[in-house]
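Take a look at the following structure, please.
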């Protein structure tokens, strides 16, 4: 099975990150990984969750969701169903955890940055696009805080970016689209820091279990993809 | 209080309706009324709700929602709260009812068109933008059904458009932005058919009760606004 | 189609308002519009909702509900379903908004009056009966507060009453019973103040869209009906 | 502590049972035990719950609820809270179980009678008033079914009535009002058949545990009270 | 029908109570009544519910639940269903109420003991096993508090134990297993104090109503069973 | 920081797996990894979820939960809160996915095996103990099905076992207890098949991001731990 868009196995889809997509949010981007489009909005709150109060430390958290018609066939709204599904919960937690890896909570002070990642259209890799975009929204929110003297020094101690990799017909591939994601024997989401270390490695054998050499090949591919995404983030942030 | 954007009292904000904004939906538009942006997606389902089965008649319904950071300060997600708020319920019902006014359910056959209206950014008039945009998404979904011979003749017996009007400092104004909406003594949402009749008239005295002459002035203003929106819909649909 | 009870088109059903129907509530009435019976109970709370605290202003709110067997066929309980339906939400909001139109929140001080409107039996016009009855319960609760010196001057700046109107077979009619409500092409609920101004106008084309002259005829009819209801309220309150 | 209304220890409060209180329900009564008022509505459904299908047997069930202002201070609505409380659950189950004791499910055929017991005003003994009233509503619903030939012979094999008893200041008393209920050391609800046998005995030591002789005294008192209630039920049903 | 395990009618199943089954809980036991196994864990909290604050009094409460595969066929999890069923609610309330009967809340001070009773395997009598076991867990938690000087004198003013009784084929029997429970015409749960008084008597006619002599026989049997369980509790507690 | 129980870095805690712990379940084990105790119950259902019907394929799924007092301080019940938390959702999905890796769904036929994993006591590694134990319960349930001829050939195509690894003070360690889990900079859960391939690799930087060599060391450690657990499973299953 060739790649649907004729990419090479180690090539990302076209990635665009548009900053300032929303008027009100302290940071916001529309991030696109090919046909996947995620709106990431950063909200700054001058307080922390109850369990964190009087610690002198800040907090970063995230909520991920999908519009009902982001997908080929419509999904019922979780608000109408009255509960959040397991997948939504899991990805929200992953996004929040990933972003916390590049934050110095002491420098952030008792403030919270909440990242809303809403998938407007889904074509595979929504969680990795969300993390990659949310970092840029977070950086803008942090700049907004610095302008208002809410923080003295930058609470960002690095950056994070994420990409999916998988094995299709025995071939390790970078940044799977939906069609590839469905066909993958093994699927892995990797979150890296800008300096190339790992924050999250989540590999799942959807079909056949994978051996160590396959795992190694996927990690190599993902590390390369994250490095490229880090370059795009820096370019977009003008640094 | 002058209009924040120097419009005349009977002038709409800049209105744009972009068709085909989503890849998967049978009809979709991004509609903008000034700073208000709503994504309307039409989903065609080859069945009807249980209470409508074996009637030979179709159904049209809608779900309205707002992204958490569509507004100046963030609103908690209804999916996380585990229930739909009263305002969301009320507007979803209004949008569905309004669109049903231009549909011949016999011609639609036992199919449902579900309209998802998600507010990406809010600056007043989100429900009227949703109705105005949803009509175009519905028209595209209907065309999609005709292409597939799901319906023989067009189930659309007309069009609908909607606009808000209100009294600010004693002056009746068309298409209120958020700042005006908050300041209005009276606020009215009006849904009209393309031939100028009324589908919904919902007027509320937020501050002072209003008399009959004020009500008349608002209805005149709204009828004019809806006529202009109908023209824009037709232009966008190329008819 | 003649009126089921041989009324003239501009005639109300028999209306009765019994004060003091409950022993414990600070104000309570059983209001009947023909076969529609609603129990309205006013509860005085010496505080206001969180968002209203330290404003020096009071609050009035309402909750509307229907007993499961108020209707011809039984409706499932919303408590058992675990959520409030859209219609209930919408009417609760309407009742609260309507009653707030006759209250001076400064004079009320930081107190809340909560109006529970429970439909014991439904034969059309339950929301308008609820508003009309709730006003009397509110007046009694306010008197109760004055007796206890909780307020210095009366926080009531007027009165409100409500009635439904609709077009059946082309004829505008006042105060629809259930059978007429179902048959109506257009259905409108109107809330007026005692001095004849409008608080809410909610018109919906159930069948055919309506033109301006039909709208005018309905407004005339409703204004007359509200004036008659105001007279009945005053008589019942002995003023 | 004397009885608040000067009754003797073995005397019921004034009991009234008004049949046909609702227009639509197949059976309905407003039952009063002193200041306690419960509206009981019987709904006949021509089917049985899923687990009972194709058994040839009918079903009887009940739902108990309280209006928010039935009590001295207001209780939040369970529909608004989004869940049924433990007390409501428990009493609904008790009422259903009690009524099933006088029904021949084979004679009832695959039909369900659902009894809604809504407390309009509460002054102690709401569950026992509900059971006593619901029996009369059930009898009327059964008569309605016989008129329509839904059942051949009467599915009622007897009657049920219920009363509360308790020990206050060491004295066993019949049919406690709210003030006594709160003060009782031991509180017992007893459901009897018309022929004097027990269906439910639910005794609880609220304060001091009770010994066998106290239990015996309470059972004697309750049996007498139920016999008197049975007489009232028969009188009301004209048999 | 003979007893499935050849017991005599007035004989308990083998009862074992293992203390200290959990490492973390302030008191914990695994209690077995034949094939019924319940894990009872006592948690000490240094506060009381809001409505009890500043009263100087403590509180004891309980939560009862069943693992999904405690029974012959699996039951859906209440956490997954999103609500507690009526039976669970009812038993939780019963367990809490029963244990409060042996506690001096003044001596307990403003502390709460929460008893979690989780049924690992069910073979009838789960609620009575829960109460009997929870008392021992409570006693251990109270000892834990005394060790830490959280209480000065013992807040235990006695003990409680519980057993089920029922009539099968006309024969009153003690401590029903599941098979007997299903077959019983009448089923009764009785909670007694260590000195032989009654805390709860809950008798239900599942099949035929029962007369006074049957009730008396059941009470005798239950009192004997509770006395034996009290002896076992004391033995286990080494007192 | 030395290991709390003086294990070497690559040593498992004492692991015991007791089969047949429950009477009713088709397969059940109590698995212990040191102080962590999980009850795993397998339920065989002769049907598949709706979306899987008429596929000829079976299904395996899992539900993970924790008793409220499994932990040092008590956690509120998810059934009482009315919703499943994100962590519970995430682990339930992980356990189900892991076990599906060793099942041939065609050989299973249209049957479902549901694995309930309830944590009775938690001391770190509850999800890996759950997976390791659930495999044995699944194997027993499959044997039960073979005895009843529900399946012709074994639907098990291998086995799965799982273990946690982490870096504490720079040292990679196997099978973390709770105290180590909290202190770990990096935490990884690994699920392997009996033949040493990977099913799931979930690594998270709790503190510092980790580099490739640390990741490699953790994978080596985990692979060794899973091999040892596989040996224990085989021994317990007598094969």
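Letters are used for the chains, namely A, B, C, D, E and F, taken in the order the chains are written, and counting of residues starts over at 1 for each.
Rule of thumb we're sticking to: a residue touches a chain if its C-beta (ideal position, glycine included) is under 8 Å from a C-beta of that chain, and two chains touch if they have at least 3 such contacts.
All values derive from a computational prediction rather than experimental measurement.
Q: How short can a chain-to-chain path be from subunit A to subunit F, counted in steps between touching chains?
A: Shortest path length, in steps: 1.
Q: What is the size of the turn, to the nearest 5°, that moves the C-alpha atoms of subunit B onto the matching ones in subunit C?
A: It works out to 180 degrees.
Q: Averaged over CA atoms, how far is the centre of subunit B from the centre of subunit F? Could you give it in whole Å?
A: 51
Q: Between subunit B and subunit E, what's the gap in Å when you average each chain's C-alpha atoms?
A: Each chain's C-alpha centroid was found; their separation is 59 Å.
Q: Listing for subunit F: what residues touch at least two other chains?
A: 82-84
Q: Could you spell out the chains in ring order, with the walk beginning at subunit D and its first step landing on subunit E?
A: Traversing the ring with subunit D first and subunit E second gives D, E, F, A, B, C.
Q: In the complex formed with subunit E, which residues of subunit F make contact?
A: 22-25, 28, 35, 39, 41, 43, 45, 63, 65, 67-72, 74, 77-84, 88, 114, 116, 118, 120-121, 123
Q: Can you tell me which positions in subunit D touch subunit E when the two form their complex?
A: Touching subunit E from subunit D are residues 83-87, 89-90, 92-93, 97, 101, 188, 192-193, 196-205, 208-212, 215, 219, 223.
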